[in-house]
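We call the chains A, B and C, going by the order they appear; numbering starts again at 1 in every chain.
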Amino acid sequence: MSNNLKRLTFATGALLLAVALFSVGYILLPLFSLIKQSFLPDGISSSLFSVRAYAEILRSTFFEAALNSIGISLCSVIGSAIAGIFFAYVFHNFDFPLKAIFSKLVLVPLALPPLVGVISFMFLIGESGMLTRGIAALLGIAPSHFALQGWWGIVAVHVYSFYVYFYLFTSSALNQLSESHGSVIDASLSLGASRAVTIRRIILPMLTPSFVGASLITFMASMASFSAPFLFGGTTRFLTLEIYTAKLNGNDANAAAFAVLLSMVSVGFLLLLRWYQSRKSYLRVTKGSSRRSTVPHSAAARFIAVAVALIVVGLFSLPVIAIIILSFVKEGSWTYQILPDTFTAQNFIKLFSDTHVFEPVTNSVEMAFVATAIVVFIGVCTSFLVVRNKFIGKRLLELLMNVPFGIPGTVIAVGLILSFNHPSFFSAQSILVGTFWILPLAYAVRNLPILFRSTASGLESVDPSLEEAAMTLGSTGWRIFKKITLPLLFSSIVSGALLVFINSLGEFVSSILLYSYNTRPISIEILSQLRLYNVGGAAAYCTLLMVLVMAAVGISSKISRATLAE
Amino acid sequence: MADLSLRNISKSFGKVQAVAPLNLEIHSGEFFSLLGPSGCGKTTLLRIVAGLEQPATGSLFLNQKDITALPPQKRNIGLVFQNYALFPHMTVFQNVAYGLEVLNRTKAEIRTKVISVLEKVQLDGKQSVAVPNLSGGEQQRVALARALVVEPQVLLFDEPLSNLDYALRLETRSVIRRLQKETGITNIYVTHDQSEALAISDRIAVMNSGAIQQIGTPQELYFSPANRFVASFIGHANFFSAEICRSCFGIQAIGENEVLVVLPEEISIERQMESTSKVESISTLPSDGKANGKIIDVQFSGAVVEYVIDFFHQRITATCSSAKHSGDLQIGSEVAVSLSGKNNRKVSREQ
Amino acid sequence: MKFTLCIFLSFIFLSCNSSNKTPLVVYSPHGKDMLEEFEKRFEKVHPDVDVQWLDMGSQDAYDRIRTEKENPQADMWWGAPSTMFIRAEKESLLAAYTPAWADHIAPENRSAHNFWYGTFATPEVIAFNSHLLTSEEAPKDWNDLLDPKWKGKIILRYPLASGTLRIIFSSIIAQSVKNYGTDENGFQWLRRLDANTKAYTPDPTQMYLRLAREEAEVTLWDMPDIVFQAEVNHYPFGYNFPKSGTVSLTDGIAIVRGCKHEKLAEEFYEFVTSKESMILQARKFYRIPARNDIPRDSLPKWITSTHFTSMPIDWNLIAQHESEWMEKWDSEIKGKGSQ
């Protein structure tokens, strides 16, 4: 039917008010502080408004850095797309032994906190990494010849961290395609089209919207990525690094101007893809069910595809293995050897003999919980409002929900500090800087887009006539939401919330600016160990963090199953 | 028992007028159908009655009470959806019990009512089955039971049978009809299938382009269509111009801007051996039973046989009962076309 | 659902049981081990105080103190090169305090207006991987580093993020200004160093790591840290003092302006800079005291046996121009030396 969107009622109006307050107070206001700072080159206490910072950065390094950032982001999108789509296709179309385990392994990068991932990458593919040295010894070439440095190093880290988005988006689209639109594949084949033609002309175009969504996330995340360029970038300029450098030099206005322009590039890309996506959407949940339909393949093709996929998936779990090995390596014993040879449990003994060891752990778990709760509330409300209702400013709200993804964590943290180091309406007239609340708030703002996207797309696939049916049966707003919408959305909310929780658990980019003694998270403890060159101790903490992440994954799937069974 | 009255109701989406201002009276206990091609506004009208859409103008009265501003929850009007809209995360029992739980009925009462309504729709024993595991026909009946169990004053159906196969359609439609007669609930039934509408309705409103073309009993619509649209939509009727009527059928009482409405079963045809190829215009044609048409298609559909005839460059259809079908009426046969019956329905040449 | 809610609520509950001790917040790059030691020692004397240290790089500490200027979170800033303190003093981030031992320190190692005082002397050295090079083979003076034979074998901290490297680079330019009246020769020298440099590492750990793991052979770093890594963690590190004289950096301490517990901060100030503390820091944590009244026989051998010539340096010139020079290095020299 034509137009099923609802006008606002009193209740949804109140929700909208809450959501609007949140996005104005914690997304828009910090951004505004940042913009303000970029126009005050003589410090925020002066009132001399000037575009000097912009003039300076545009004259010096902006274009070089922007070109590199955009280039690396596009490379990351292409690389992630190839890996993610390939895996999704293989896992969707073929059956092979231990598929259940391998399909879990594909998701490993999601569970690896970025900080841990970057550290383990260093020890794997850095010039003296296990993998690099191993291959060098096998081939008898100097490791410096194929160490993943510079561009390729960064792209490797990005692809590793971001291909999962493509994998997840494509898998769910493929499932939808074959379950609701399976007949189109059969139709194409019966019209005499070859496999290749069917894939190119039918399947790919129908999956395009999913690809666009995943590209957007990957692009924005790569633009905002700091650690990978920082560790592997060498002397190449990137926008996030320029922000950092300007800040190091005490030039806050230039740093803010870089951040503003970086956000503009990201938001521009977002708008571009939005515009493109709004014109094309094929996959709709249709009525009735048809049988699952896939493209047939020859035995040889299956074998090669599955073999390649499994080898790569195996490689993808190496970082986890590397960290675990490192946590057992005796401090200072691993220098010129390919693989470490002296092992000890000392790192863990030292870790657990520290009486304060669990403080950062409980801090992180607690803050991640609060952040997840905030994100779930705001994200679910917003997606409900945006998908099911019509109101003025809807597009803007949707945009605001996506913006934080394209902004580096440091920038969000600085924005929050600038906005809340004095009493403000949005902090109930108290000062948030230095308190517990500012950390979960920063985590929440950074991760809101993840949950918003997963919930909104989940909600889009819930047939609105279910809610209408409940209405005609006498049920009212809240009850319909609780009894019908929420249970149907539950799995997308849980999976989104899990991601938010994991990300918050290991977050360090904004934590490092915001934490205080009582709220120091695990990531800061890891950095602290690294600063003292306790690589083993850091790895032991990383292992602990991964155990926590696995516990979270376990609990969330239990919650999911329990609710399903109810 | 409820009278429903729509006064001056209209609705548009953007610039498209989905429903032109219209009035409609639906009587208590009536089985009323909205019939029309897709996009004619019938579903929108139904959703307005259910309260899922707000009309742009006009008001809606249920038992003389204005319910225009009431939300769907407070109208006590049930709706059976085209795609059933069963809650996929609930069992059959939970789906049907949902409406009663909303009304805060006791557990025991809910149980009795759900079981009794499931018996009525012949689904006893399926209470604990998960909805996605049911067949299409069963899902349809769960949807029906779910709407019925709260005893609504009016029950609305939005093309409820369009996803079922022919046999199930016939079966389910008789279940619907039987239940309506048993309960006496006022039913409004939206469909694009004229045979379905004719079979189960007390009265039908035929809609096209957002406007009601005619309201009447199935017989009235079938035998005295108000306009050319209704005639062709309801009866697949043939239309003959005044010129043909005069020269071929000897009917003089017809105006120049009128056409004669002839139902397929009112046309009789007879095989003729002589060719019509010499005939050049209608005016030269003798009305003496010479061949004037040619069969271009024959379709056997069980009870009746349908002939498609090329009649003066116009395609007309004629049906006769299968029993009377003779083997020499085949594709390519030259036939003489004549009229049987009263043939006094004339409608305007325009739609 | 209820289960999750219970966990959640219990966590909220747990987070509320804060103690009623007075917190003293210290920003410091001195590392977990040393900070924990002095937290325990200070709290033993002041049982009603809870020392809360935030272990972070000196640049991070400076950044935070600057961002928090309107609402300071820290009481103490323990550890940063003197040039950073000079800048912080100019930006009015510090509170003046005169410690009891104010007379026992060279005037260039303290603020003229008592805003900060030097704690440790950190001479910079040419460090090398002793598994690959002997002291004889390693570069022995600044200009040795420019020899083409070290091309691709030098690894440095990313200077913008490192107080140590900022000082070394700035000192070289300051020398050029002093000797030739222009910074051009200094930048020329840095350009040639860049040509020999394999990589700039984002943090010290990376630098140690890559030096130890033989990705590079030579670096520039401070002597106490190199000694610490070699003696405590047994990494294969050795060092040479540049023959023509080295840069010796002063690490300082200061109280944050507008802090919440100024009295307590002063006590902590005196406590960690007392003679006993300085000796402990020298023995256990490889710090060279800046105070000149510490008895030499109480100091470890690695300090007393150390002899080096200092490069005379105009610290105010550096503090004034450091940002500008580093910006120029970053935009005009970094990665372009070999072109």
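Just so it is clear, contacts are C-beta pairs under 8 Å (C-beta built on N, C-alpha and C of every residue); 3 or more make two chains touch, one makes a residue touch a chain.
Note that this is a predicted model, so its numbers are computed, not measured.
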Contact graph of the chains (line, ring, star, complete, other): line
Contact-richer chain pair (by C-beta pairs counted) among A-C and A-B: A-C
Inter-chain centre distance, subunit B versus subunit C - centres from mean C-alpha coordinates, in Å: 87
Chain centre separation in whole Å, for subunit C relative to subunit A (CA means): 35
Cα-centroid distance, subunit A relative to subunit B, in whole angstrom: 53
Footprint of subunit B on subunit A - complex, ascending: 1-3, 287-289, 463, 465-466, 468-476, 479, 483-484, 487-488, 564
Contacting residues of subunit A [partner subunit C, same complex]: 60-61, 122, 126-128, 144, 230-231, 234-236, 244-245, 247-252, 331-332, 334-336, 362, 365-366, 369-370, 373, 414, 417-418, 421-422, 431, 433-434, 436, 512-513, 515-518, 520, 524, 528-533, 535, 559, 563
Subunit A-touching residues of subunit C, taken from the complex the two chains share: 1, 3-4, 7-8, 11-12, 14-15, 18, 23, 25, 29, 31-33, 52-57, 59-60, 63-64, 66-68, 70-71, 73, 87, 131, 160-161, 199-200, 202-206, 208-210, 212-215, 229, 233-236, 323, 326-327, 330-331, 334-335
List of subunit B residues in touch with subunit A within their complex: 13, 16, 18, 43-44, 47, 50-52, 71-79, 81-83, 85-89, 98-99, 102-103, 132, 136, 146-147, 150, 156, 163
